[in-house]
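In the part that follows, the structures are each spelled out as structure tokens.
Look for chain A in each of the two complexes below; its partner is chain B in the first and chain C in the second.
Right, the complex of A and B next:
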């Protein structure tokens, strides 16, 4: 029996480096420290006072409030939430499409489309706008929509409009970043062919880039719309209209039976949007 | 049409793909480039179609030095050069008609290009080009549903719509069967003859090159090894060109045998 090949192949998997062990060690260490810093203490959950509060909260939820007068307040709030999410996502797209295109490195300054450009022009007309767009997108998305909503409520007053602006800006940042990543991931060979035939950059975008990227772009935008519905329900907490405002009111009045009704409505809405966007996605991605 | 003076292309990793190539191709000429893979033929074509910038040396197109062209002039120059790629370089998700009409992008305004995606413009042009390559019925098919050979013909139709002065074909027949390969090569050569377009073609198959082109350039290690008429090319020269690339030599022979077996050229349906 010749055992040397077996020994050789086993040797390949025996790393002599201590790096993996160090990595595991630091991971465990950071986990332990995180639990301490985050003051995780499960016992708190089971203290009599906590349990009593929890019990009151849950008991208060039943029976759910289904009176006509409450539901008639809820209807418009629900419609408002959906409208905030739709218009907010639309605004996000309007921000994300130009910024996302500028933030696509393969389109603005690096790679095969730019091999012939002078270094100076490539830098000034390509890299500079790219960096500005990247920076803007990263500011937009690093500030949570909740904080944006808080600021816009101060700027334009209470109501659904600050909610629309908050979702538009925060989600515009996320969509733009993801758009640029999708666009950078497409097959560059058709783009090279279009460039070589004298097409303008916009021509390349329309005939090479977008047709390849569209299914993923649409799919991700729909996913963001689902998130926007959940977010717009929360934004009401800071006065940006919709269902959230009702949740906040009912919570403050200790009307937990109203809270459960609103949550149930929200669940149904989010679930049906999931279903709808799943259907659209299945049609688009072929 | 093309004048190259000591053109060099060194990639950022330090590899020399094209090493001081000097050659002139006149208008209306038909030239085949042969040589082992990795010899720099594809890089040379990407220099010629103004995708890559030479590291050093002179490159003239129609008497004009291209390194001084502005972005706009560069685009104008690229319009005059049509390229057919080994991998077709089409957008599979688009319908054939859009891939073919994309040949117009150098001429069309942005607005017209956009309108055409909604409702194809100058559709007769696309229909005629597809007829010329023998697949008129594929006009509204989705491109990725076509076979490799059909996609290559769509790519040729795109170049026909572009109507350039020069056609560069980089291994246009390496992914199709031998008899179709022959008909594509003859189609391009006849087109060049009739319309006076310059034709430059990279070919894997020595037999096809020798049989159909009046001028053969052998490229090895980024340099021109020979630049001769086909009847001046001896077996020793070919041996030197492919030396050390035994596999390719054998493959080339097999291909030639296949070609001999399959007999005559399958005509493209009119």
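Right, the complex of A and C next:
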């Protein structure tokens, strides 16, 4: 290391050349430790008991359960899953829009809109709400929707409502962060032009900022809706309604032929939502 | 642009969404009034006050620490396993290597050979779809059923589900790379393997890395909940804490989840900035 050829840029070069080794070292270290911590033992998969269970599982899946009575249980659960995802995403938007706007530094305290505000007010009215909004969004999205759902089940009882709240809060955090990133990334020149022509802050936001941001905002929200359907399908595991409850029941009762039917239904739903939202997104963003 | 604006589509779509929302609102029996009303508020306030203060006793901190490390290990190994599953399958779904595009313009494949190649493509694609469709938590249930409780089934669950997701993304990247290096290599008579190694992978690697890091961020969140069905990590401890009404311990564990998720998000974005 100390035989670096050019003394002047030694620091830069050194850090550049040491980085790959450090990376590999830490990678291998985490690999070894993780394998130990996670008690990884591939042999378990090939033990007679595991293979017997696998055989039972696969044989149990066929033929899939298609009886009328089961499908009539599944129908409402599927409807509920979709409804939870829609209202959950709506709630997420309602949380994300105000918080996302507050968490946009170019709107609250820095950049073109605030050049002429006095420093003290900028900090008190701008930076403080900005930091609070960022913190809230970070908490909302860092706690998985599953944990939110479990807590909401405790707070408001079983059923679709805690599922809606869980998706709303967790996805509100993600959407809010992305909204603020989209808003911060817009081209500042139209904003400058509007400011120069004497537009109010509201005018700048409405005519300079939102038109630029809207396509991406819609596109990302639709993408999140796709994710929400997947999420709401499994939130039932903790009692928050939808298909998940049924999956868990069937799994616990070892009714694998029911499990495969539910998974097939889930596949069709997710694929069609992918298709639908993909089509709409292609229209919105061009 | 004008044609687009005058077309009825935006309004139709908007109306569709409004109807969807109304229908769903009724179906889910959401009662925000109840939640924000005095009863709901006091219910939530009671719950929140029960959470505080977090249990910071030595034993609990150790327990949370062990859970956090386990969660990290599950997410890390799960993501690696996912890459190991996704990579070979995504190569098999690269039609430009198998039967389509620039390499196959000149000499036509015999129907049998083409049939086999399409078959390989279809099988790999179907496997990836299967892996992706089954949610992590269902995979976790399956593997707990197969190999018993503990973090190992969690690793397998993340590996298979994420393998399906990454495989699809990797496949798209492999087919989307610039075709000219492939053409150049093909015309020098290079074999499939060297075309893959020297023509396609160098172009695809940065995106592979970026997708894998992104999925790692998703997986740390997933790893934190797989324990709900017995697959180790913080989730298992959260499940116990919630089920036994140990709210103060729950808050400690949730803080641990927050710390781990933030740590991995930071690590992943630092690595991405550094490597890509």
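Basically, the second predicted complex is superposed on the first by the 268 of 286 C-alpha atoms of A that agree within 3 Å, B and C clash if a C-alpha of one lies under 4 Å from a C-alpha of the other, contacts with A are read in each partner's own complex, and residues count from 1 in each chain.
Criterion: a contact is a pair of C-beta atoms (placed from the backbone, for glycine too) under 8 Å apart; a residue touches a chain by one contact, two chains touch by 3 or more.
The shown structure was predicted, so the numbers you read here are calculated from the model rather than taken from an experiment.
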item: Chain C versus chain B, contacts on chain A by residue; value: C
item: Which of chain B and chain C A:192 touches, first, second, both or neither; value: first
item: Touching partner for A:127 - first (chain B), second (chain C), both, neither; value: neither
item: Which of chain B and chain C A:220 touches, first, second, both or neither; value: neither
item: Which superposed partner A:31 touches (first chain B, second chain C, both, neither); value: second
item: Contacts of A:206 with chain B and chain C, given as first, second, both or neither; value: first
item: Which of chain B and chain C A:70 touches, first, second, both or neither; value: neither
item: Residues of chain C touching chain A in the complex; value: 4, 9, 13, 20-21, 23-25, 27-31, 35, 40, 43-44, 47, 69-70, 72-74, 76-77, 80, 129, 133-135, 137-138, 141-142, 145-148, 150-152, 154-156, 221-222, 224-225, 228-229, 232, 235, 238-239, 242, 250, 254, 257-258, 261-262, 265, 271, 274
item: Partner chain B, residues of chain A touching it in the complex; value: 112, 115-117, 121, 189-190, 192-200, 202-204, 206-208, 211-212, 214-215
item: Contact footprint of chain C on chain A as seen in their complex; value: 19, 23, 30-31, 33-35, 37-41, 44-45, 47, 50, 53-54, 57, 79-80, 82-84, 86-87, 90, 138-139, 142-144, 146-147, 150-151, 154-156, 159-161, 163-165, 230, 233-234, 237-238, 241, 244, 247-248, 251, 259, 263, 266-267, 270, 280, 283
item: Parts of chain B lying in touch with chain A, wherever the complex brings them together; value: 49-53, 71, 74-83, 85, 87, 89-91, 93-94, 98, 102-103, 105-106, 108, 110, 113-114, 117, 155, 158-159, 162, 164
